[in-house]
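Look for chain A in each of the two complexes below; its partner is chain B in the first and chain C in the second.
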Partner chain A sequence: MTMAATSHDTPVETAEHHARKQPDRTFWLLAPGALWMLLFLVAPILMMVYVSFWTQTTFKIEPTLTLKSWVTFFSSDTYLGALWTTVRIWLIVLVCTLLVGYPAALFVGLFVKNKTLSTALLVLCVIPFWTSFLIRVLAWRPMLGKEGAINMILMKLGVVTQPIEVLLFSELSVIIGMTQIYCVFMVGPIAFMLGRIDPSVIEAAQDLGASFWRIFRTIILPLSMPGVVVGAIFVSVMVLGEFATSAALSGRKVNLLGNIIVTQVGSLKWAFAAVAGVVLTILMGAVVAALLRVVDLRKEL
Partner chain B sequence: MSSVLQLKNVHKAFAGVPALSGIDATLADNAYISLLGPSGSGKTTLLRVIAGFEQPDGGEILFAGKRVDSVPPHERGIGFVFQNFALFPHLSVAQNIAFGLENRVVDPVTDPKVVAARVRDIISLVGLSGLEDRATTQISGGQKQRVALARTLVTEPSMVLLDEPLGALDANLRMRMRSELRTIRERCGVTFLHVTGSETEALAMGDTVLVLDRGRIAQSTDAGSLYSRPASADVARFLNCYNIFSGTVEGEGFHSPVGMLALGGSRQASGTPAYAIRYDRVSIRPQDAAAAGDEVRIEGSFVASEYSGAAINSFFTLDDGRVFEVETHLSHVAPTAYEERGRYALVWKREDALVFV
Partner chain C sequence: MNASGIKVSLGLYTALFIIFLYGPLAVLAILSFQTGPEGGPQFPIIEWSTYWYKHLFGLTPPSRIAPLPIEQALVRSLGLAVMTMIVSTVLGVTAAQAFRKKFRGSGVVFYLIVLGMMVPGVLVGLGMALVANALGIDRHWWGTAFVLHVVYTFPFAFLVMLAIFNRFDPSVEEASWSLGVTPARTFRKITFPLIFPGVLSAMLFAFTLSYDEFSRTLFASGRDLTLPLAIYGTFSVEVHPNVFAFGVLTTLFSFALLGTYAVLMALSVRRAKRMAIQEEA
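The block that comes next holds the complex of A and B.
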């Protein structure tokens, strides 16, 4: 392995050496993007961290540094509850999108041999985005509601005697809604990775005597892991920052960190909102960092 | 010699277009068999049907005396070496080789020590020692070829199918791998069926050469007989060492587009009448030289020649515009310089020609 490493490293080093000789004018290509990010992403986030230590009174906020907002956040059941709900819903939605998305990606990426057809199927996954979020949420109400379609059918069939109330304005409806919206972000990257698997590699495994499940476990799954990780990062970042779905589908029963921030900003409690924002940012960073540990994306992509 | 694989009237069509139209063949046990065919002749399809990746539309495939048409690939015990090697990209060399032993449905090897020992044996057999822990992206083309072969051989198949195994290698390596493949096969004692589009490879490698033409086995014989006695004009054309004239036999002559060619020697029934003369059986003489009584003589203008070390190939255009090739071996004669566009007599012995009727 050491031999392999050295023989592999040498050409890379010479390539870098070669690049170093040339003046780095190409770096200017990065300037607009870097400037933009600095002004409108990095600076505001640093500002948010700063504001979270300001002194908050009922009507105004003063730049006197204090830990009061942080202490309030971590000693309040409401805020800690919201943090826990966010983490719980994130995990459940992540698992659901994976369970729904992986088989779909397997079909689109691996079993559809025709490239045009598989692209068409991927486009189909994006169709939910052709309607507005509000309209979809509105459409779910007659479906999931107490007198909605699902309850009516179940009662007609005699499966239940009382309408199931938990279908709408509950954590369940939030999970159903989020899984539906974010599933495509899981399907896309996984289907892409599966599509890159050479069909003869799978035939070779078959020829060597392995059954389909063995091939799935030992060949297909490991080769699609980078796709799973990328999909999981997409879904995680979006679900952790969610507030709209829970506001619309839970009837304010489910409070995520995102909802807390919206409420606090609404009542001009900037310091509290900043604390929740910093907590959320740290949580997202930790999740992304943990997911990146699963697979070495630089090596795989 | 007993047979390992028998094909009886095997048919296969893709969307109505026949790829295999009635293959009959018997492959001997413990032999190196090459399958020669031009592109589109159905050779890859035949290999995939034998391996079980494609279902035949009709006919029988008998492997070691048992019908395997409906047996899935992983239960057939036939190894397949892919043209692009199809190594598992996320596994090391040793893990690639161990894959079949550990994961097969039939009789998997669960003891890691046994797996390690058998992997070690096969790695030294194919000459990969020292590369066990390398990633498959860190080895050369020839080494990948060996991993692909070792991965199949370690499962002890009764037969190995190789789909253009040398096609992805550079010319130098191809020559070396030829003898290497033969040596490895002799050590294992299993039948190799080697598919190739190259006539030199087919002749060099095969104890038996099968020639596939338009979905049928056109000829099945040893390399020497194939080269000197192709069964039809089409087979002669694949061998790339015959000048072929179409025409008709009229009495004691063959009526060809370049005139009457006197007949001598044997005639073979093949369906399509044709007259074939090997490149290296023709001698080039000045235009005014007379031919002897047992010789055939035509005329052509010199175009160019190609020097390949041991031989020189000269190209002539005949009166009907076709190109006529002559191979002169240089072991006994010095190369002669011919005048461009000059007329020369091209002469060969009557009995050297092959006549198909």
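The block that comes next holds the complex of A and C.
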């Protein structure tokens, strides 16, 4: 649709031959990619919205429009509970990734003056992103389990006498796992923004006698905010769409909206799955919109 | 900054942070050398052995622990990753090429493309399954799952190429054309060497992301498993160290890819430097 629009605004007055050719070229360069996205991204999402109003029978869905699936979703404790769990886990993980990631980003982005070292540290943080996500999730099982590494170390050190059982197959293990996997997406953008701070601004503040905390509060933190927002958007979108971490580490105790979708699809309840999907989409859109309100990214970047 | 106390403590914190990132993988690697078949996925290590690696390749006598269904899955995953890599990189390069000129509606197209990496896999996967059901299409890893993999990786390729083209001076190409060099030769001698690091990065992104992708594949791939789906299948049952051994191997594979990428990048940078020196001389 937008590509069609581009072929109209031809600046015919100047260099007629060239100007005629250019928009066509742009159109043909963009058409394959844009078409791919419309067919395989936008259409499936619209289909999901449409199917959420279909009639669900035991094993099938029929294209008779109804609100029944929506009513079932919002009158069921299980589904509303999943919605609440999703929001809760998302908020906790968001705060955890920020608290865990910020100091590391501060060190890499601002304190390491050697460019090679800071790049090396950043690469070290990002490498896990290129390895299997599922294996990284699974790796927490032998860490957190009753006979896992953490319990073993704590008992050797004499901190505890009994193994801590709440570490694995609980909400805590899901939060630990997600924090570890997603905090990289916080560290990257924040370190990037911190790296762009002009050192002379901080030096000036120091020369005028400002303490570190004062400098942090009035210069570093505000200037890193766009990085925090970008990181928060990444983390939010990924955590809200999660189901694998909770499937692997919670022992079915934590059910996110993503897990609801997976179980519903497994039992061929496509319409219910679609409703959960639409709710998730709306939640995610609201979160991203709210985050974009905190900082005007276009102005800041 | 001269607050050295703060610097030291932040440095220590960062070291702990790196341990936090890599610790679980290290523990997983250690436990993959547990003895089998009676050794479980926990400490202590009863005896060091490579039993679970042999188990993975079907070299051990049959035991009560079923082997991971990885042979066929590996072929599928690699095939899917190669297909995705080629299509994503081509789409990424062409789309970014279009963005070198300003045009109306560029904002909308930009967000349409970037949306692909933001929308969670579980949603696109569900949507694609619904579309396939409605149209009566069978779901396969090389069909419905493949197009979703491209939806996911094409934005990465696009953003990488956009960054490359932003630093690219079009007058170099124009100079070549005006000197009468054919477009094909210009592309080979000028354009391609300049965008090569970007193409390489786009390919790395697309291949590795597709190779590890599973939330899109879960609903869209039908009956045949890819590697990540085979791993996901073990989540609901008891985990044995054979999954850990597989994790070590697949992580090593990812590292090997990253290493190859780093070497190729270093070579391309060195070549560019040598060319620059030759020009000066």
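Simple rule for what comes next: the second predicted complex is superposed on the first by the 259 of 301 C-alpha atoms of A that agree within 3 Å, B and C clash if a C-alpha of one lies under 4 Å from a C-alpha of the other, contacts with A are read in each partner's own complex, and residues count from 1 in each chain.
We take it that a residue touches a chain if its C-beta (ideal position, glycine included) is under 8 Å from a C-beta of that chain, and two chains touch if they have at least 3 such contacts.
What you see is a predicted model, and the numbers here were worked out from it, not measured in a lab.
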item: Partner chain in contact with A:71 - chain B first, chain C second, else both or neither; value: neither
item: Partner chain(s) touched by A:117 [first = chain B, second = chain C, both, neither]; value: neither
item: Contacts of A:286 with chain B and chain C, given as first, second, both or neither; value: neither
item: Touched partner set for A:241, first chain B, second chain C, both or neither; value: second
item: Which of chain B and chain C A:222 touches, first, second, both or neither; value: first
item: Partner chain in contact with A:214 - chain B first, chain C second, else both or neither; value: first
item: Chain B versus chain C as contact partner of A:133, first or second or both or neither; value: second
item: First (chain B), second (chain C), both or neither touched by A:30; value: second
item: Residue contacts on chain A - larger count, chain B or chain C; value: C
item: Touching partner for A:198 - first (chain B), second (chain C), both, neither; value: first
item: Where chain A meets both chain C and chain B, residue numbers; value: 206
item: Residue ranges of chain C touching chain A (in the complex, touch as defined); value: 1-3, 6-7, 10-11, 13-14, 17-18, 20-25, 27-28, 31, 41-44, 91-92, 94-95, 97-98, 101, 103-105, 108-109, 112-113, 115-116, 118-124, 126-131, 133-134, 147-148, 150-151, 154, 158, 204, 208, 212, 214-215, 218-219, 228, 231-232, 234-236, 239, 243-244, 246-247, 250-251, 254-255, 257-258
item: Contacting residues of chain A [partner chain B, same complex]; value: 1, 4, 7-8, 198, 200-201, 203-211, 214-215, 218-219, 222-223
item: Sites on chain A touched by chain C in the complex; value: 2-3, 5-6, 9, 22-23, 25-26, 29-30, 32-34, 36-48, 51, 100-101, 103-104, 106-108, 110-111, 121, 124-125, 127-128, 130-136, 138-143, 145, 147-149, 152, 180, 184, 202, 206, 212, 237-238, 240-244, 247-248, 258, 261-262, 265, 270, 273-274, 277, 280-281, 284
item: Residue ranges of chain B touching chain A (in the complex, touch as defined); value: 51-53, 72-75, 78-80, 82, 84, 86-90, 99-100, 103-106, 108, 133-135, 138, 148, 151-152, 155
